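Quick notes on the structure that follows.
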Amino acid sequence: MVIKTEPFVVNIGPAHPSTHGVFRMRTTLDGEVIVDMEPVFGYLHRGIEKLAEERTYTGCIPLTDRLDYLASMSNNLAYCLAVEKLAGIPVPERAEYIRVIMAELQRIASHLIAVGSFLNDCGAFMTPILYMIREREKILDLFEMVCGQRLTYNYMRVGGVSQDIPDEFLPALDKFLKEMPGWIDEYDRLLKENEILLARSKGVGILPRELAVNTSASGPVFRASGVKWDIRRADPYSIYDRFEFDIPTGSVGDCYDRYRVRIEEMQQSLRILKQAMEQLPKGEVRSDVPHLIRPPVGEAYGHIEAPKGELGFYLVSDNSIAPYRFHVRAPTLINLTALRDMMVGWKVADLIIIFGSIDICMGEVDR
Amino acid sequence: MTVALSGEEIAARLEEKFPGSVVESGADSLLVKSGSWLEIASYLKTTAGLDFDYLTAITAVDYYDYFEVVYQLTSIKHNHSLVVKTRCYGRDNPTLPSVVSLWRGADFQEREIYDLMGISFDGHPNLKRIVLWEGFEGHPLRKDYRRW
Amino acid sequence: MTMAALPPDWPGGFWLHWGVFVVVIFVFVMATIMGFIWFERRAMAIMQARLGPNRAGPFGVLQPVADGIKVMLKEDIVPAKGDKVVHWLAPVVAFVPALMIFAVVPFQGGAILADLNIGILYIVAISSVTTVGVFMAGWASNNKYSLLGAMRQVASVVSYEIPVVLSIVGVVLLAGSLSMQQIVMAQDIPFILLQPLGFLLFFIGALAEINRAPFDLMEADSEIVAGFHTEYSGMKFALFYLVEYGEALAISAIVTTLFLGGWRGPLLLPWLWFLIKVILVFFVIVWIRTTVPRIRIDQLMALAWKFLFPLALINLIITAVEILVWPAGSLWVLVPINIAVMIVLVLLWSRFFKLGWGKVEV
Amino acid sequence: MKFERYGIGIAKGLSVTIRHLLRRPVTTQYPEQRLNTSRRIRGNELIWDREKCTGCATCAKTCPQGVIHIVTSVSIEENKYKVEKFEVDTGYCIFCGLCVEACPYEALFMGYAYERARYRRGELVLAEEGLLASDERKPSGYAHPEIAATLPKQTLLLDKDRGKR
């Protein structure tokens, strides 16, 4: 006697405790098992690409802060690189090094939030994320010392950075670089071999390698599936070819690999920071660029390895002070393409973990 | 270092494979006819030497008398990239063949271009507005979009 | 009726003794629950490098009182299409058994409300009535999430009842009596040393029954919003909150009595020993809750049936054999044997069993 | 779960949390204890220097949000524009600091205070008098190194957190 059951539709989000922002999943559940899942975006759409067409090239920089608001230093860097490529503006050496230091610090801060909220979704009651936010506060202190803000930095300018780093910045950074490896070991001791976390995340939400390439995933999600592809190594922008660091990759592409890849990437960032701090030259931090830049007619596509993936800016200029077209290649929106394939067949408890392991930021998805 | 393949070199190969499909080829980009774009795309993806298996980004730009859609392709194996452009004319219902069948990464990006720019992609499995709500009329990213 | 445990010099008859102890137990339970709420929030806070409540009263001690007043002032919403009577009755049916467990908990030599000679059986029976209350709450709220939560609770309590009871039987075998006083009296060596595997199984099973720490599936906020008490607010929600902490206190009290030697201790006052051990056990519960992530529902079931249940059976057999072949001398010789047995069994058992399978082909 | 490490993983995790019992919490109790903000803080107000300002409206042009409204009239004797109205709507201002960097005469500063919330949006529109510097409206050192030198050093969590590992 077959009991007739029919799946019921549950809307997880947009105001759900663990959807990392306003994101809705129309999930069809058969009991606890997920049968189908359709993501719904648009709750945080501000039309940044339309706004940018009315602002000067410098006025667009505060807009880029609000794309992926957890990594706005990387957004600034990507935008400035694209404009410099478009207008052919040189960048002094010291500014390049300061940009690398800021971008790598931002990568650590963004990964801390990503790993912390992933472990929080697994159920570890607020402890890992509170430890990681404590470390992130130290990075935010450094950012505040340099540019005055803790979230939307608006620090980088076309042709360099807005202000030089104050003299108490380097000793503080040095102290941070000495302490941080100890904190990362502590996170590993806390949960790396925790049997329950292994049971919950190993083999869950697998993103196979070909599917990852086919859905053009990028960033830790892509490398966790075993693809050794990092823009800093594949297409080195600014001065990344002067540092040696290696690219951590996962094997299977499940939630546990994504968690491990992010932890190891933090350690690699610390290596880059140490080398960048030693080679930091003297000199001014900004080439003389007119306040209203008028790039020649043309287009340019600049991309960097942002913490969440390959962040690209496609700018078209018609020799006026405002960009004719300002398109953002949002890594988090494209990483969500394979979300349905990763989730079907798993249970409700896994849906939250798989979604948490992709680490999205709604500001960048909806733009 | 990702080698950006030059437009002419690829244009030459495409010319003898698909005669008359390459409109113009600049130093770093390649303009192809929208009609034969799908075959060119599958050719680029499948031939041994090119292997463009990773679609980095799709962008649509509104140049008033035509829409230009720019595809940034990359090959993970050979670490080289190519920029291919197609144009579609007409402002009421410009259409282009969808490449979701080749690269599933284009799914959300094409839906976003449909939603904000108004270019519809035939062959797309689920062409709906991605960011704006269903009842929204007009496509905001078009140059002639008047808010009120 | 003979009150064996009642020392001769106690004034008044049975009813006076009953009245005094009802008041004592009610005050003890209420005060300790308030204390535990505050203790958990402070302990978790310090373990997470933050401060915890410190505004209401010195060191935030009046925070539970403030919560209580706030909850009483909150509006008590009853879901429109929910089953009103069952919705009203559920918290009562859940809370009363949690309170009744303390009737047989021995605070001191003679200080026990009713020294039943089947004390531990009474506890096992009463503690499963709470599940009825929880299921009533889940059903009456007429809400998808609550029903899901209540179903999970019933499933987990049913499957964890067996390992818990089997490990209790191990203790009873050693103590030779079901009465809680006798168990405490028999513990010259705390049973945690004689029965380490039994303690481990009882503790894990008890955590799952009161859905705390790694097994808090019922109100897993990241998944189903708040489990069975989603639709409760106001005083009824407060009662469920008391049930959670009341059961945590009950489990700590039972663990202390069964495994840590109840009120027996070298120099301090006996009931002070009892209190210290209860707080210590509760601290371990809070400590585990701060660190360990949550388990999935199918893994929860698999853990009960594939890991705890077989081990509980084996533990029972080993204890029985030990009692048959009792060495004439002291029991201390058994302690290393049992600990070695526990380690071997846990290593062996976890080697060749897989917990729960993941993907279901849809 | 396969207990590959037989519960050692959980034991290690527990050892980390118990060790935190011996460490001092890192919270600062905001209203009573306050941290020194950075010397270059972009506080949530703008400060305007009437003497230095020549009414050139560069700041109004560079502001991405267009929140600076400035009206000037020609005055012969001082040989510079007379600023009739200089208004900043801090309700819409995003405190990006572009105006402070763009001002050629360094007449504009970011505020040092960060507690300028109001109950009504109307009060957020600061006119000339409301913009001038005063003892509790101190300018911050953003894009003004000489002011930054006078401000107190920033308290860093790095120095405060004596965590022992």
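We just call them A, B, C and D in the order they show up, numbering each chain from 1.
The criterion applied here is as follows: a contact is a pair of C-beta atoms (placed from the backbone, for glycine too) under 8 Å apart; a residue touches a chain by one contact, two chains touch by 3 or more.
This one's a predicted model, so the numbers in the text were calculated from it and none came from an experiment.
Counting C-beta pairs in contact across A-D and across A-C gives the higher total for A-D.
The chain occupying the central position, as judged from C-alpha centroids, is A. Across the assembly, the mean Cα position most removed from that of chain B is the one of C. Distance between chain A and chain B, defined via averaged C-alpha coordinates, is recorded as 26 Å.
Per-chain CA centroids place chain A at a distance of 44 Å from chain C. Put simply, the C-alpha centre of chain B and that of chain C have 63 angstrom between them.
The set of chain A residues that touch two or more partner chains comprises 127, 134, 190-191, 194, 196-197, 199.
For chain C, residues that reach two or more other chains under the stated contact definition are 47-50, 290-292, 295, 299, 355-356.
Taken residue by residue, chain B touches two or more other chains at no position, since every residue touches fewer.
Those residues of chain A that touch chain C in the complex are listed here as 8, 10, 16-18, 30, 32-35, 119-127, 130-131, 134, 190-191, 194, 196-197, 199-200, 203-204, 344-350, 352. Of all the residues in chain D, the ones that touch chain C in their complex are 1-4, 6-7, 10, 13-14, 16-18, 20-21, 23, 25-27, 29, 163.
For chain C in complex with chain D, the residues that touch the partner chain are 45-51, 287-288, 290-292, 295, 299, 303, 346-347, 350, 353-356. Note for the complex: chain C touches chain A at residues 44, 47-50, 144, 148, 214, 216, 220-225, 289-299, 355-356, 358-362. Chain D contributes residues 1-5, 7-10, 12-13, 15-17, 26, 37-42, 62-64, 94-98, 101-102, 110, 140, 142-143, 148, 153-154, 156-159, 161, 165 to its touches with chain A in the complex.
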